[in-house]
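Report on one structure; see the data block that follows.
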Amino acid sequence: MRGATHAKWAACAVAVALAATACGGGDSGGGSGASGIVSSSWGDPQNPLEPANTNEVQGGKVLDMLFRGLKRYDSKTGAAKDMLAEKIETTDSVNFNITVKDGWTFSNGEKVTAKSFVDAWNYGADLKHNQKNAYFFGYIEGYDKTHPDKGDPTAETLSGLKVTGERTFSVKLNQKFSTWPDTLGYAAFAPLPRAFFDNHSAWLSKPVGNGPYTVNSYTKGSKLEMRKWDGYPGPDKAQNGGVDLKVYTDNNTAYTDLTAGNLDLVDDVPASQLKNVKADLGDRYINTPAGIIQTLAFPYYDEAWNTPGAVKVRKGLSMAINRAQITDTIFQKTRTPATDWTSPVLGADGGYKDGLCGDACKYDPAGAKKLIQEGGGIPGGQVKISYNADTGSHKEWVDAICNSVNNALGNDRACVGNPVGTFADFRNQITQNKMSGPFRAGWQMDYPLIQNFLQPLYYTNASSNDGKWTNAEFDKLVNEANAETDKAKAVDLFQKAEGVLRDQMGAIPLWYQNGSAGYSTRVSNVALNPFSVPVYNEIKVS
Amino acid sequence: MPEPDFDEGAAISATGAGGVGQGAIAPTGTGAAMDLAISEGATLERTPGGPEGTGPAGKPRSLWGDAWRDLRRNPVFIVSGLIILFLVVISLWPSLIASGNPLKCDLSKAQLGSRPGHPFGYDGQGCDVYTRTVYGARTSVTVGVCTTLGVALFGSVLGGLAGFFGGGWDALLSRITDIFFGIPVVLGGLVFLSVVTSTTVWPVIGFMVLLGWPQIARIARGSVITAKQNDYVQAARALGATNSRMLLRHIAPNAVAPVIVVATIALGTYISLEATLSYLGVGLKPPSVSWGIDISAASQYIRNAPHMLLWPAGALAVTVLAFIMLGDAVRDALDPKLR
Amino acid sequence: MGRYVIRRLLQMIPVFFGATLLIFLMVNVMGDPIAGLCGDKACDPATATRLKQEFGLDKPVWQQYATYMGNVFTGDFGTAFNGQKVTELMSTAFPVTIRLTIIAILFEIVIGITLGVVTGLRRGRPIDTAVLILTLVVIAIPTFVTGLVLQLVLGVEWQWIKPSVPPDAPFDKLLIPGLVLASVSLAYVTRLTRTSIAENSRADYVRTAVAKGLPRHRVITRHLLRNSLIPVVTFIGTDVGALMGGAIVTERIFNIHGVGFQLYQGILRQSTQTVVGFVTVLVLVFLVANLVVDLLYAVLDPRIRYA
C-alpha cells in the first residue's frame, strides 16, 4: 500500500498546484438554504409528473409528497392503511363500495370527492392519454374498452366505476381479487383536481395535489421546490418547512455535496462510496430493506434452456453463486442474499418466507459442479449474462457472479457478462425473445403483496414474465390464491405456487435490495419507506 | 553543405521553413551559429553536421535516408525503441514475466494491497493487478498503435490532399470532415459496433479510425497549407517538379511534425477510449483484459484503493512516453535545420 | 475575403442536411426507443403503439426525416421523451456549455501556449522534463479521477469551491471544471507549441530578428510565436467541438447540465429529436470554428491567401 499512498499524495500535490493558479475564494455561506427546508438529491423524472404516468422512483418521490390516495403504505411495515378511505366494503371480492373521508381538499381549495377519484382513474385508463401505468386499472371492468390491446378505445370511461354520492363510489372488477383494496396506495390511484383536466399544461408546470406539500416552483431539469402546506387536513403533516429537490447528473456528485455540507439528504449512495460512509457520515447513514428483488431470468423460448436437464443446470448455477460474499464485498451489505422470490418487507404474514429456496440458494461449489454436469452441462458451453450497461453499475456484480461460477466450475470462461449498450435495446431484446442466456431481471414492487412478486413475473404470459416461463400448476395455484378471500389462506396458496417456482428454478433469486441514504447534521428522523423513498414529511430540521 | 543540385530535397529544405519578408535563400549551416534555444538538451543532442552528415559526394541522398541515419545514432530513439520492443515482447508472450491467470479472481481478496507474490495487489474483483497489467498490454498496445497508425495515415493523406490542392477538393474534403466531427462517439459506437459479433479488437480499431481521422486531417491540412507557401516549394514548382514529388519530398517532411505530436498523444487517448466503448458493451467482448478497462474500473475506487489505478495507468503512461520520444526523434531527424 | 466567407457560409447548407440526415439515420438504426420508457417492465402494447404514433415512429424513416426537417424550419425541434421541448433543453444547456468551453479554451491558450513556449525554448532542461511528466499524467489518469480528486480536495477538504456547480453556472464557478475539461487538450497544445517553437527557433527570420538586435520577448512573440501558432490554432479549432459535445465526464462530476450531458442522455434514451437537434447545432459550431481558423491562417502567415 505504500505505492498507493504515494499516488494519493501525488494526486493531491497536483491538485494543489493547479488550484493555486485558478482558485479564489468560492464558498458563499455554507449550509443548504433557508431554515426549515430540507435539500435533497433528485434525478430528472423520465415522464411528465402525472400520477398514472410515473413509473420510476424519481417522479414517484414527488407524487409521494404531493398526493394522498385512498390508502397509504405504512412507512415502516409497508401495510396498507386507510388514508382518504373511510371504508371499502365488499362481499364478493368483485364489487367494492368506497367511501371517501370528509374534510379533504386539494391545496387550491377544491374538495376531494368521489368524482376526483373516478375522473382520475378514467383519465389514467384511457388509452388516448398514453399513461404508462394504465395497466393498474386493468382489474376494473371496462378496461378492455378504454384501453384495448389493438385499435382505438370504444369508451372514455370505465364501466366498472360509478359515482354514487358526493363521497361514495362503487367499483366492479372483472375478476375476483380479494386484496385489491391494498393496491390502492399506489400513486396511480391518486385523486386529481379539476385544474388537471381544465388546464393540463399549466398543471404540469406547477402540479397541485392533496398531499402535505405544495409546489412552490419547478424548473425542469434542475430544481423543484416543495413547501409545507399549512392547510393540509391529513394526520401526517410535514415536520419541516419544505423540501428542495435538486437534480444531479450523477449520484456521486450528490454524495460529495452532502459531505461538503451543501446538501441535506442523498437517497441513493453510490456503490463506490459505500466503503466511506462510516468515515464520512458516521451514523448519519441508513440502510433499510426495500421491496426490490434482483433475479436472473432465463429465456424459456430458447430450446437449450427448456430441457428437463436444464432445471439441474439452473439450480447448479444458483448454487455456484456466492451471494453472501458478493453482497458483502461489491454491495457493502446494501443487498441481502435472497432465499425466496419475494421480499422481507412483506413480513412473514405477508408471505415472505426465509429459506424457502432451500439448498438451491446456498453456495456449494462442489454440488453446483455436480448438478450442472448431471444436467448435461451449460448449454453452448458458456453462460452469457446479459445486462444493460448504461444505468446502474451492473457490470460489477455480473462480473462477480461470473467469477464465482467460473471458480466453482474450474473454468475461467464458463460464464461471461454480456453488456447491452442501452436500456431500450436491452428491453427490446427481451420483449422480442432474442435473449440466448440468463439476463438481469429486477423487480420493484408496486404494492406490498406477495401477489405482486409472483403473478406479474411468472404467471403464463404475464406482463413482466420476461423469460416466458410457464407452468400450469403455478398458474392454477395463483388463480386459487386470488379468489381466496381469507388473507392467510391466500398467502399460503401463493407460497405453494412459489414452491413450484423453486422446484423448477424458474428464475435464480440473487438478493433483496436495500434502500440506502445519507443525511447531514442539520436534519434528523430520516427514514426510507419500503419503496426506498425517503419519508420526507417526517424529516425534522434543526 | 548545400549541394548545387537544386532538385535535391535536402539541400533546398535547408533554407528553412520561414522566410517571411526575409526571403533569404541563405543556407543555415549546422545549427550552431545562432541559437535562441540556448542549448540543446542532452536527450535531444545530436552530432552536428560532420562528414557523415553530408555523405559521399555525388551519390544523391534522400531526406528520408538521412533521417534514418540520424535516427540510428539518436539515444532517444534507441531508448524508446527498447521500450517499444519490450512492450511488443510482453504483448506476444505475457507469460514470460507473469505466471498467473488474469481471469482467475477471488472476491475475498478484493481491493487488497500488495501481498507476497502479488506485488501490485488486487483489483475490485480480487484479480491480481500485476498479471492483468501484463496481460492487458496485448490489447491496449494493439489498439493504441493500430488506431494511431490508421488515423495518422488516413487523416494525413486526406488532410494533406485537401491542403495541397485547395479549392473545390479542399471544400469537399473539409466539409466531409465536418460531418464526421459531428458524430458523437457514444452514438457512433452504439450504432456501428453493436451489430458486430467479432470478438477481436479490429472492429474497435476500425471504428476509432473512422471517428478519429478528421482531427489529424485538419492538422495535416493546416500544416500543408503553411508548408506549400515556402520558397523552396515554390522553387521546386517553378523547376517543374510533379505534384507527387513536391508532396513527398518537400512538403511532407516539413508538415509532418504536428501530425506526429498529435498522433503520439492521441495514442494514449485511444487506449482509454477503448474502455469507454467496452463499458458501453460495444467495445471488446468480455472477458477481455486491457489497461483501459482496468483503469476505468479502478477510477471508481480512487478514494479507497488507488493502487488499482496506479499500475495500469503507469503502463499506459510509459507506452505513451515511448511513442512521444519516438515521435520527437523522428521529427528531429526529419528537420534539416538540426543537421 | 468577403466572397470567401460567403462561399464558406453557403457550404454550410449541404453540411447541415448531410449531418442531420446521417445522425437521424443513426439514431433510427438503434431501434425502438419506446421499450426503454417503462422501467424494468414491458410496456403494455397498446400504450407503446400510441406512443410510437405520437412521436411519429410508426412512419417510414424518410417520412419521419421530412416531417422533422419541416418542423425544424419553423423553429420546432420536437419534444424529448419527458415532454420537454428540445429548444427548451438547448436554451438551458448551450449557454452553460459555451461558458465552460470558453474557460477551457482560455486555459488551453494561456497555460498551454506558455508552457509550450517555455519548453520549446528550453528543450531538455528540467522544466521540459517536468512538463513532459505532467503531460503523461494527464493522458494516463482519466479525467474522471482528476476531476474527482480536485472536487474532493478543493470542494470537501478545503472548501474553496462548492463541489457542484449551481444551475445558473456563472463563469467563476466554472473555473475548476473548465480546467479539468481542458486538461487533456492542454497536453496537445503544449506539445504542439513546443515542437513548432523548437523548429522555428532556428529559422532564418528569427536569426535575422535577433541579429537586428530586437529584444528577446519581441522576437519570441512577434516572430517566433506568430509563425508557430498555425498547428496550435488548428488543434484548438478542432477541439471546440470535442469540448462542447464531449464534456460528459466533467459535466457529470460537477453537476453541470450542459450539452454533453443532454446529448448523452438523448443517445442512451434514443431520442432522435434531442440528439439530432443538439448535433445539428454542434456541427454549425464546428463550421464556424473552422472558418475562423482558416481566416486566422492568413493573419498568422500572410503568404496564405484565401483560396
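Points to keep in mind about this one:
Letters A, B and C mark the chains in the order given here, with residues in each chain numbered from 1 onward.
To be clear about the criterion, contacts are C-beta pairs under 8 Å (C-beta built on N, C-alpha and C of every residue); 3 or more make two chains touch, one makes a residue touch a chain.
Here is each chain with its UniProt name: C = ABC transporter permease.
Bear in mind the structure is a predicted one, so any value in this text is a computation, not a measurement.
In terms of C-beta pairs in contact, the better-connected of the chain pairs B-C and A-B is B-C.
Closest chain to the protein centre (all Cα atoms averaged), using per-chain Cα means: C.
The distance from the centre of chain A to the centre of chain C (ABC transporter permease), with each centre set as the mean of the Cα atoms, comes to 38 Å. Averaging Cα coordinates per chain places chain B and chain C (ABC transporter permease) 22 Å apart. Chain A and chain B have CA centres that are 49 Å apart. Of all residues in chain B, those touching 2 or more other chains are 190, 194, 302-303, 309, listed in ascending order. Listed for chain A are residues 11, 390, 421-422, 425, each touching two or more other chains. Listed for chain C (ABC transporter permease) are residues 30, 137, 141, 145, 148-149, 152, 267-268, each touching two or more other chains.
The touching residues of chain A, when paired with chain B in their complex, are 1-4, 7-8, 11, 271-273, 275-276, 322, 325-326, 329-330, 389-390, 393, 395-396, 399-400, 402-404, 406-407, 412-413, 416-422, 425. In the complex of the two chains, the chain C (ABC transporter permease) residues touching chain A come out as 30-47, 49-51, 54, 81-84, 88-89, 92, 111, 134, 137, 141, 145-146, 148-156, 159-164, 167, 172-173, 175-176, 179, 251-257, 261, 267-270. Looking at the complex, you find that chain C (ABC transporter permease) touches chain B at residues 7, 11, 14-15, 18-19, 22-23, 26-27, 29-30, 120-125, 128, 132, 135-137, 139-142, 144-145, 148-149, 152, 184, 187-188, 191-192, 195-196, 198-208, 210-211, 219-220, 224, 227, 230-231, 233-235, 237-238, 241, 245-246, 248, 263-264, 267-268, 275, 279, 282-283, 286-287, 290, 293, 297, 301-304, 307. On the side of chain B, the complex with chain C (ABC transporter permease) involves touching residues 15-22, 24, 26, 28, 31, 33-45, 166-167, 170-171, 174-175, 178-179, 181-188, 190-191, 194, 214-215, 218-219, 221-223, 225-226, 229, 257-258, 260-262, 265, 268-269, 272, 295-296, 299, 302-303, 309, 313-314, 316-317, 320-321, 324, 328, 331, 335, 337-338.
The part of chain A that touches chain C (ABC transporter permease) in the complex is made up of residues 11-12, 14-16, 18-19, 21-27, 30, 44-48, 55-56, 127-128, 130-132, 134-135, 147-150, 204, 219-223, 247-250, 252-254, 256-257, 259-260, 262, 390-391, 421-428, 430-431, 441-444, 456, 463-464, 466.
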